[in-house]
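Dropping the structures in below, format is structure tokens.
Okay, so subunit A shows up in both of these, paired with subunit B first and subunit C after.
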Partner chain A sequence: MLAVLVRQVFVRALIAIPMIFALSVVVFVVLRMLPADPLAMMLPPTATPTEVESLRAALGLDRSLPVQYGIWLSHALHGDLGRSITSGETVTHLIATTLPATVELSVVALAFSLVISIPGGLLLYALNKRRGELLADSFVVLLISVPSFLWGIFLMLVLGVMWPILPFSDRFGADIAPPKTTGFALIDFLLRGDFQAWGNAFSHLMLPALALALGFAPLIIRVLRASLLEAAGEQYAMVARLRGQSDARIVLRHMFKNAVLPTLTLIGVQFGFLFGGTLLIEMIFSFPGLGNLMVQAVRNHDLPLIQGIALVFCVIILVINTCVDCLYAVVNPRLRDA
Partner chain B sequence: MSTRSLSALARRALASCVMALGCAAIAPAAHAAGNELTIAYPVDVPSWDPTAGTWPAAQSLYKAVFDSPLLINDKLEITPRLIESWKWLDDKNTRLDIVLRSGVTFQDGSKLTTEDFKYTFFDRPQTDKKLVINSTFTNKLSNIEIKSPTEAVMDFKNPTPTAPDWLAFMTAYILPKAYIEKVGTDQFLAHPIGAGPYKLVSYERGSRAVLEAYDGYWGPKPAIKRVVFNFTPDPSARVAMLESGRADVAVQIPVRDSERLKSNSKLVSKVYPYTQIFIVQLPSYVTALQNVHVRRAMQMAINKQALSRAFFANTAKPISVLALPGTPAYVDDVDVKYDPKAAEAELAKAGFSPSKPLEIPFMSANGSTPGDYDMARALVQMWSKIGIKADLQEVTLAKYMELSHSSKLSGPMLYSWDNATADPEIFAGYILNPNLPFSAWKQPELADTFKQLSALPQAQRIAGYQAIEKKATEDAWCIPLIQSVTTIAYKKTLNLNTYQTGYIMPQEYSWKQ
Partner chain C sequence: MSTLAIQASGRWRQTARALLHSPKAMAGGAIVLALVLVAIFAPWIAPNDPLSQDLLSPLLPPAWMADGMAQYPLGTDSLGRCILSRLIFGSRVALWVGLCSAVGTMLLGCALALLASYFGGKVDRAIGYLVDLWMSFPPVVLSLILMVGLGPGVGNVILSVIVVDWTRFCRVVRAEALVIRRRDYVIAARLMGFSHLRIMLREMLPGLVPLIITLFSLEMGVAIVVEAILSFVGLSVPANTVAWGVMIADARGVMQENIWNLIPPVLGIVVTVLGFNLLSDGVRQALDPRADSSRV
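Take a look at the complex of A and B:
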């Protein structure tokens, strides 16, 4: 199976190269075609037209589009995505310091949504054609209807203000030294054996992750329920029933494995959206991740930074898709030879 | 499936759901108080190089870490800070002598001298053209002559009467030459040091800056030793932080929340005017706006008091000239009254009426300043009553800047102008100077007028600006609306002074005993 996984990753990586290249062209051209001048937000009203042009030249924005792209690409191939126009720091540094926060938030949100949705899907399946089905179904519809950012505001007001039991801004308390080894707070605090800091960081993650999870989980619940209903009609389920196995055992031991495939597909597709959804949630919870950085970059028309972040988002989506493909191969042996 | 088995499965699933949600309700975080202060602040510092850009909201943090050569106090007077004294050596405002305070040290213990001063304002901008300080006032310098470690003379190419104002304003912060040359710009940006009352001990982009009092600070030692600026862009989240006790101060909260918090016995909530004015810029290159009757009609149709009442709890002061009330160049006797009938009559002179309205685009940002877009909508309503059909278009600030810089605004634009100095050059002198890209009113002869004003003694210079302000209002080159307000709410146990400049100065705050 390992060979199959390696081949999957290799093929995906090969496909990813032209995709990333094409995307970099699209992002670069689209950003340059936007009717907004990146210098506009930088210069004070005292700037004369000569100074405007001088700054434009200093930033290389006076050159032709292909030349600008060529320079950017040659630097990017060496891992240099340029410097932020606003802060003057390297784009790679800015992304490297904020990406772990967003990945951590997304992964914890995914974990929360799985913890909610798997039992939720099983519950909904169990209530099929029973009293309480309508109520449970309506509840799931309600969950789907409320966007994550509203959950964010609601959770903040209830668990942050009304009953202030959870923090709702930042990644961890101000008295905790930031994570330096991997950048992931939950990993670094464990590595340095600081369990108090770990608890603090986890408590900071709860509300934003829960807000994201509450937007994500209902979709999984519904797909899992539908898959279980479909699996219930399969022959192997009937055979298991004829063997006298309990319904709970049939569901958990046999049907669940098969029903999880479409769910996995959904998770793979939706995880990209969940990752993108961190943008608003990070704003609401003042969470210092990539989404917050992106908002600042867009506000300031910071082209190198927007480009860098867009590219990283693209790479992450490709990585997620590759991971999902590999998981398929692990879960479903029939796909290993495909 | 048997009912019993299903019930067991349902119970198990339900229990898991409850457990999952239950997990989310543990581990409350405590908020430290005492010798610490947490400020819910709306924006992060775009860069830790304070000379790199003109970001009004970042100035409070820069002042805490770097201090400033001079400071504009709450009465909008220039007061000594790192510069102890200053005087013009000539009548034309081209040679400014400055004396630095002795014994000032940077946070690495090194002495702050005129070498650092020259490096910051002359040498470094010369070599790095990307620094925005080049476009504020250092581009007017021909040299900085060092006379001693604490005395220097700034030589300007042209009369620059606003130089002391700029030394108290944006981008004017003295940087440590030796430290930057030793560690390089990247390291300086990652670990900035200054000569301010607080040193930066921890910084997480987009999250927070933790400051600790610097023991070697030249001035009064801050009473609060540790200050946390929590960057919280969402205004509701800032209010929530204060109400939940996770912040001690919340800055720039919505006016309606500010009014609501006044009933909270544990908090103090203030709405106060600051050095920002709302204006409607009228581009002279838009044909319809070349007609003085149209411009005057637009001006008279605006009920400024109603705007203040509707959006700023009646605390924003209506203004009729391009200056702040109480500043030297403010003209008291100019008052454009709200008069819709007169406005309609004025518009009729230009051939427009409610039955034959003037159609014109009108631009405003949405949310760049609290209440901007709502105010723009109110203006559209006011103008519609006299026969001006304004098509309100939302533009980003960046887009607006670009349109303005390239003289491509298609109609009036609502804008807020921030000037923490009281000097009229930085109000009317910039808003109306046709040579500056920001100006929408391009009247060529004004350029010479402003140039001449720069070389005049202070009293005549102020009188000259007052005359221009009067003329600008009379002919409606630009419509001043109101002096803006800002908001702050904080715990009652905190002693806190507000500044008309809007600066947040935790170095002056203290907890009540």
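Take a look at the complex of A and C:
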């Protein structure tokens, strides 16, 4: 089993690495199409043409595109993604301080969406060919039609403004010292033993995570229902029924295990979308994560920062997909010998 | 009329009947039709000019509230612009972006899917790799980067949706086209020496039409959401164009004082996307003979 896992990781990494290179080329080329001159933002309006040229040369912007890419790549491989044009901080530092917030948000959102979608999928399956089905099915279509960012605005409006129950901006209260040990608020505050701060951070996570989960859950519900329906037609389900087992037992003990496989694949593929979705949700909820940083960078045309964040987003999604593929091999016994 | 043609027209009649009996397709179709009419006749329906500012009456609630004015049925925004008129005119950008992006993604995605499935081998692997590469980008991040590169504008939004989203068409259509590729009539056409192009367009494409219609409708909804997102971030349309995303961004700023600014554009997007999703679902179930037994 371990050998399978190792081989899976190895094979996936072989595919993923050239992909990251290709992606970085795409990002680099697209951003060089930018009509605005990045130098214009870094120099005072009084700068002389010689000053402009010397800065251009210092930044390597006077060379050809492939050479520029080569310079950027060799720095990136050494962990140096350059400095932000607007704030002057290193891109790696900016990313390192915001990434934990985003990871935390998306993991909590994933947990929420599982809590919603597993009972939801089972319920929808139970309603198959019953009277409530059209209603339930239409409801799921309605849920699918509402993108996460509208959920965010809706939740903020209802639970933040109309009935101010939950906080809807920032990561935790202003009086709480930021997490330093791991960067993850939920872990650090526990380590610190500060349960009040933990509750505060969690309540700040509730709305954005719920918004992401509500956008994600209907997709899982649909796949789970479809794979349960498929499993119901399999022989083992019929045999179990012939043995006189109860419907609930057949579904939960036998069919669910098989139906989870396609669902897991979907979660893997779509987790990337969920992670990308944090971008807007963070902006709406002023949540200080990677997405918010990206939106600010985009608004300021901060090229090094945009490049760095885009690369980190892609790497994370490839890592997630690789993990899911490996997990899939572990969970599905049929793939182990393949 | 040859027997084949009679069979085909019978198939279409059957499909039309299935569509008429599908509550989803009918409901979705009604929403989409209503939206198209609103967008076309916007200047005649809208009570006010969506851009004219009435600075003496900003942030009015809807007309049925105590402070509302009959002149502004859904109230006004922070610059005193009529919310209802902005909502009505906003449908134009949404539908235009949706339509153009869906046509673009369809053409690009289907062309690559047909090439990949028909020629197989190296062509298929190259296109498959491109799709995988593209899909490992989070779509929001990719479209943001593209919009930074291209600069704002409705045409650029459409271009960026096409560049980001063609993969869905390509992947799904390719899978189906691979099945059709092995059908007897396609093999027969090859044996008869028809050109590659003719086989792809005249023999394989018709079998893919139901799937393409489904995806097309779905893509319209997706494109409308993407446009709303981009105009919410402020990267989509020029300042004097009315778009739902811009309305949401404006309303978010004054949310504490007036929640009525926020509700119409949010509902506008949800209803529009719902319409396209219902239509897509209904068409899929009506056109697909293998559709699951749930007849909804």
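Note that the second predicted complex is superposed on the first by the 316 of 338 C-alpha atoms of A that agree within 3 Å, B and C clash if a C-alpha of one lies under 4 Å from a C-alpha of the other, contacts with A are read in each partner's own complex, and residues count from 1 in each chain.
Assume a residue touches a chain if its C-beta (ideal position, glycine included) is under 8 Å from a C-beta of that chain, and two chains touch if they have at least 3 such contacts.
Fair warning: this is a prediction, and the values are worked out from it, not measured in the lab.
In this overlay on subunit A, subunit B clashes with subunit C.
When the two complexes are overlaid, the chain among subunit B and subunit C that reaches more residues of subunit A is B. In the superposed model, A:323 makes contact with neither subunit B nor subunit C.
Of the two partner chains, subunit B and subunit C are each touched by A:153.
Applying the stated contact rule after C-alpha superposition, one finds that A:187 touches neither subunit B nor subunit C. Within the superposed three-chain model, A:145 lies in touch with subunit C and out of touch with subunit B [touch as defined at top]. When the two structures are aligned on the shared chain, A:5 is found in touch with neither subunit B nor subunit C. By the touch criterion defined above, A:126 lies against subunit B but remains apart from subunit C after alignment on the C-alpha atoms of chain A.
In the superposed pair of complexes, A:229 makes contact with subunit C only, with no contact to subunit B.
In the superposition on chain A, A:277 makes contact with subunit C only, not with subunit B.
In the superposition on chain A, A:174 makes contact with subunit B only, while subunit C stays out of contact range.
Comparing the two interfaces of subunit A, the one with subunit B and the one with subunit C have residues 35, 153, 156-157, 161, 283-284, 295, 299, 301 in common. Taken in their complex, subunit B has these residues touching subunit A: 1-2, 5-10, 12-17, 20-21, 23-29, 32, 38, 40, 44, 46-49, 52-54, 129-130, 132, 134-137, 139, 170-171, 185-186, 189-190, 202, 204-208, 210, 228, 230-234, 236-237, 240-241, 243-246, 396-402, 405-406, 430-431, 435-439. On the subunit A side of its complex with subunit C, the touching residues are 19, 22-23, 26-27, 30-35, 128-129, 133-134, 137-138, 141-142, 144-147, 149-150, 153-154, 156-157, 161-162, 226, 229, 269, 272-273, 275-277, 279-280, 283-284, 294-295, 298-299, 301, 306, 309-310, 313-314, 317-318, 321. Note for the complex: subunit C touches subunit A at residues 23-24, 132-133, 135-141, 144-151, 221, 225, 228-229, 232-235, 248, 252, 255-256, 259, 262-263, 266, 269-270, 273-274, 277-278, 281, 292-294, 296. Of all residues in subunit A, only 35-49, 51-52, 54-55, 58-59, 86-90, 94, 97-98, 112, 115-116, 118-120, 122-123, 126-127, 130, 153, 156-157, 159-161, 164-171, 173-175, 177-178, 199-200, 202-204, 206-207, 210, 232, 246-248, 251, 282-289, 292-293, 295-296, 299-301 touch subunit B in the complex they form.
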